[in-house]
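Below are structures written as structure tokens.
Each of the next two complexes has subunit A plus one more chain, namely subunit B in the first and subunit C in the second.
Coming up: the complex of A and B.
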């Protein structure tokens, strides 16, 4: 029982990271109808930026964190201008291929600049964590869960209660109508990319002390996050969060009770099972193309 | 020396000009292809290559076969596969493990690898292809990762990261050179099949699916099955290439079949041009030779793949048709289009199984959540009549048409076409049963010529007026285009036609299929007055041949003159039904259109 609780805590912590990246997926998908296959690389790049500023240059964590996120914002702008914007009137296939190209470019450019050695980023807190009854609450996991809660609350407030958030929603629902109403659609999509890059960046920086900072971490996280969106219901914000948490828990239990080397395979298994038996996910969104 | 051999491999597919999707009837010499293939195989067998050149050629030949697979799934069918290296690996590991560990015959192992890849490809396709392309992309990436995980971790079976060595090849092909010649022959054979594919029934279906899935389904193509076939073929060719690769190099390891390699395959296909096997060969040749020329880049890990990533973006942005697409568009400009055969008159012989009522709709309902878009509608369309379905905006007309053609499932009610219940049948089965339709927002296959669009219509299974031969199909398509008044423009691309003419092509596509019932969804929308007159005359010509028409339109003049029978809808319910004149004077109809005092 103790182990179960411990695994549950760890699973939720990892799942929260997947949920953040999945949110980035969903936001871009809703704004552009395209899945950004480089979403995971945002996390990877941010983690490397953090290593550069906090470890190599020795800045305090908060400063390195803010500068890294600023870097992610810039990356979001460049990504939008270079990878999405020129293709916005083409079908989804060229855009997918272009984001895949961008993902390969980002991962391998990082490799070329930083070398293949995985980097270590220490946790944010001196204390390892707190013992709560039978469960040890690791401080980094607690930070991840807390940050995710704050971000989700912020996002809800932002989209439901601010004018800018409503404009973003309008853009994602009907670009033509939104632009007729005077909403700068191009700017809104740019903003979506910037926000998604920052979300992915936060996830990468938070998870960095748990995993090694390596160029593979991007594609691994992206796959999990995509599986999370399918489990939750593609295109659904709440679904992305629930799906992320569910996947984190399943994976942690799978690693503990079934197999460690194939830990990364559970996401694929869940993905295929859901696609085969419940493609609309837990929260059931539209799947088929409209006539 | 090395470039000479390389050119040999490329040149042997040169007559494949016709694989350019736009000119299916270009007269090509299959004999020429055969002759060049023989020359290439002969050169591969006899030229005194050194080991280095031999290895490069071997790699190019085996990779190109795998890239052919991508040109089928991505180029022809418009579906993405990011796991081609995994399928390549299936073939390679089957040959590797089979011959090295179990000493099974090379041929048996090769076949086994292909069967396993085919099965895996079909499984992946079956679970994913009903959904959008995004799912396929992600699922194939996941699949690729799993395969890599298994290759690295199932050490007792795959030897893990060490890889498999001492791979055997057939004794008659024991020399490197003989084996290379065999690979080149395999390349030529597969290349020939892939080159011919677009002109076959399956290939046309793939192109139709790529251009417009809805229209493909309505034209009688089983969209899902076509995609699964394309995907399975791609996996099969991947495994074939991989099996040959393993035999050629005698050693394989998991990193040769990683996601990065899948991206390299994709880049090869895109760079050369996904629309044609020639493009595949060009792209593969380039991306195997360039790294050899730029070896110094390899000193910095990652730089190489980073450039691949950049190349993918740049190709998609600036050269979407690839190198061969660019070259062939220039060749096309200087090549006279072949004159099509003379068009005969279009014969419409709508089949008859049922009684006097061609379409019988009873209690049809379609609800979207709480919205009752169609709510218990009855329609009976008499044979050889022109029947109109009218109603104000939002009355449920187009929804009915979409339910009739199977794009939406009915919530309740039954639909009988010519006596057969089609209520639950998928779109393409309804087409086979004799339902033809056009769309309000025109849905044509936009990368094809007018003729090719209409040929796909003529190819409908169940059309007894053509025997399925290429000539008969073309003849019928030409006749249909002449019937709607577009004679002489058959070889033009869809994009060069005006809106009104595109509408006529859609009608021609439906007519070429020789349907039992023709559904026209607002055919007059967006037409100017002279085009409307032409449309009216066309409807008369169609009706004169005894084809039953169900038409939706807003143009009351057209409807009242063309239709003998009218059904009026409002808010999803039928409010009037009967002979034209009576219905149009019905007080409920007048109030629905003009409003009433009470």
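Coming up: the complex of A and C.
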């Protein structure tokens, strides 16, 4: 039983990381109908910004956190203007390729500026964690789980109970109609990119004390988060959360009880099964082409 | 103007002669070129930087001492992207340059395996650092190893853990790539020679984000010592931290990755008190001490085995070309094989017919973040 509880906690913790990154995928998909393959690199860039401000410059952790997120907001604007906006009238394919190109550019630009050495970023708390009976609760995983809950609650409130959130939803559902109703579609999409960059950044900063800060940290998480998004149902916020948590738990238990070497295989087996038998994911609705 | 048959023939002959002369003069350029396949980008970019640093130090030393056959040596670098296809492509690009006389391959066994067929076709000497035992038994005469292979690391890990530390319940933790699997196999064999059957043999995929299941398996196995073969430093650091967090404080003797500067920095106190086998240890010889000082003075950081093997490889290769008085591949090959009792920074090189230069390892201990030399164990080649 001790073993199960420990695995469950770790599975939820790692699943919450996938869920946070998956949320960014979902938001951009809802607004633009394309998958942003640079979402993982947002996490990596934010973690490096945090290293620059909190470690290299020695700023207080909270100040470094806020400035890093401000940096991510600016990156979101640049990303929107440079990667999405010029291709907004094209089909989804050039935009997807453009995001892949941007992810390669971000990774190599960071490599050129900061060098290849992985960096250590201390966690928010002094203590490593809490020993609760037989189960060790890592303080950083606890923070990640709590942050995921808060962000999900915020997202629900924002999209369902604020005018800005409703405008964003209207934009994602039908850009032409939203434009006719006087909603500034271009501005709304820009805002979505800014929010997604911040969200990816929060995930990166939170996970950095566990996985360390390295150039490839973003792509490692993003691949699983992408699988989580498909399992949950592309375009569905609740789906991203459930998909992320499910993936984290399944791969942790799969590794413990079936095979560690095939740990990644469980995640991608789930992905293949969902694509084959329920491509719309857990929460997605079946979309048919209109005649 | 009409062209006679004789004039046409003379023209063709002159053209061919000119082409031959220009090609030859190109091959005999102002420098002796050595190709180097190295990770500049990707997960191992950090180790690639060290490798390049070591090679450049050797290049400077060789050139200061008069170069090779009276010419300075020059490194031609290609990025392997830390992937197998990247390594193959990088080697092909270098191999296409006729004026490159020899190559430095990868420190990663899996990449050397991937490049091996092309190396055989190119038929020029390749120095490498991968430690999978099988690499020098492929029947490929162009491969020369500048680090001790895993049969030696396994013998040293098992002997130190079982005899010096007196531990009998072994958990073997290893990556599932060629290096990790090969190392685990060699360690199992070495332990069996000591009449010990490991209580756990646990592989993991590279770039794992979580090692909780592995740590819990160690706990359940009742092991009193860990023998490990980790490929990447961030993996070893994540594992070490989770190991300590989940209350496992048993002895640990690891392959060289446990001793490299990046792993020591990332894991911090989680690796304190662990042992490792290291082909490079600063205190192991006067040559290693002098190299460490030079490296620190030049790059302001401590050296590790990622840089020391490339330093030795360039030095031995240059010596071999000078001894052979030629850059012909076969003559270089024979001169490398004939290298005996050369005191490099990694140890004393005695090349055997397979292409293995080193036959022993150092045991080092992590004392509060400092890698401290314990002893050197050598075996008959």
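A few comments on the model shown:
Keep this in mind: the second predicted complex is superposed on the first by the 271 of 291 C-alpha atoms of A that agree within 3 Å, B and C clash if a C-alpha of one lies under 4 Å from a C-alpha of the other, contacts with A are read in each partner's own complex, and residues count from 1 in each chain.
Throughout what follows, a contact is a pair of C-beta atoms (placed from the backbone, for glycine too) under 8 Å apart; a residue touches a chain by one contact, two chains touch by 3 or more.
Just so it is clear, the structure is predicted and the values come from calculations on it, not from any experiment.
Superposition model on subunit A: subunit B and subunit C are shown in a clashing arrangement. Within the superposed three-chain model, A:177 lies out of touch with both subunit B and subunit C [touch as defined at top].
Contact with both subunit B and subunit C is seen for A:108 once the two complexes are overlaid on the shared chain. Legend: residue contacts after superposition of the two complexes on their common chain; A:78 is shown touching neither subunit B nor subunit C.
When the two complexes are overlaid on their common chain A, residue A:132 makes contact with neither subunit B nor subunit C.
When the shared chain is aligned, no partner comes close enough to touch A:63: not subunit B, not subunit C.
After superposition on the shared chain, subunit A has more residues touched by B, the comparison being subunit B against subunit C. Using the contact criterion defined above for the overlaid structures, shared-chain residue A:149 touches neither subunit B nor subunit C, since it reaches no partner. Legend: residue contacts after superposition of the two complexes on their common chain; A:118 is shown touching subunit C, with no touch to subunit B. Judged by the touch definition given at the top, the superposed model places A:212 against subunit C, while subunit B stays out of reach. By the touch criterion defined above, A:3 lies against subunit C but remains apart from subunit B after alignment on the C-alpha atoms of chain A. Across the options 3-11, 111-119, 147-155 or 273-281, subunit C meets subunit B in a clash only at 111-119, per the superposition defined above. Overlap of the subunit B and subunit C interfaces on subunit A comprises residues 108, 111, 115-116, 215, 261, 264. By the touch rule above, subunit A contacts subunit B in their complex via residues 29, 34-35, 37, 82-83, 86-87, 90, 92-94, 96-98, 100-112, 115-116, 215, 219, 223, 226-227, 230, 234, 261-262, 264-265, 267-268, 271-272, 275-276, 279, 287-289, 291.
If you check the complex, the residues on subunit B that touch subunit A are 78, 80, 82, 127-128, 130-135, 137-139, 141-143, 145-146, 149, 153, 213-214, 259-260, 263, 266, 270, 300-306, 308-313, 316-317, 320, 402, 407-408.
By the touch rule above, subunit C contacts subunit A in their complex via residues 41-43, 45-46, 48-49, 176, 202-205, 207-210, 212-214, 216-217, 220, 233-234, 237-238, 245-247, 262, 265-266, 268.
Of all the residues in subunit A, the ones that touch subunit C in their complex are 3, 6-7, 10, 14, 17, 108, 111, 115-118, 120, 128-129, 136, 138, 210-212, 214-216, 220-221, 252, 255-256, 260-261, 263-264.
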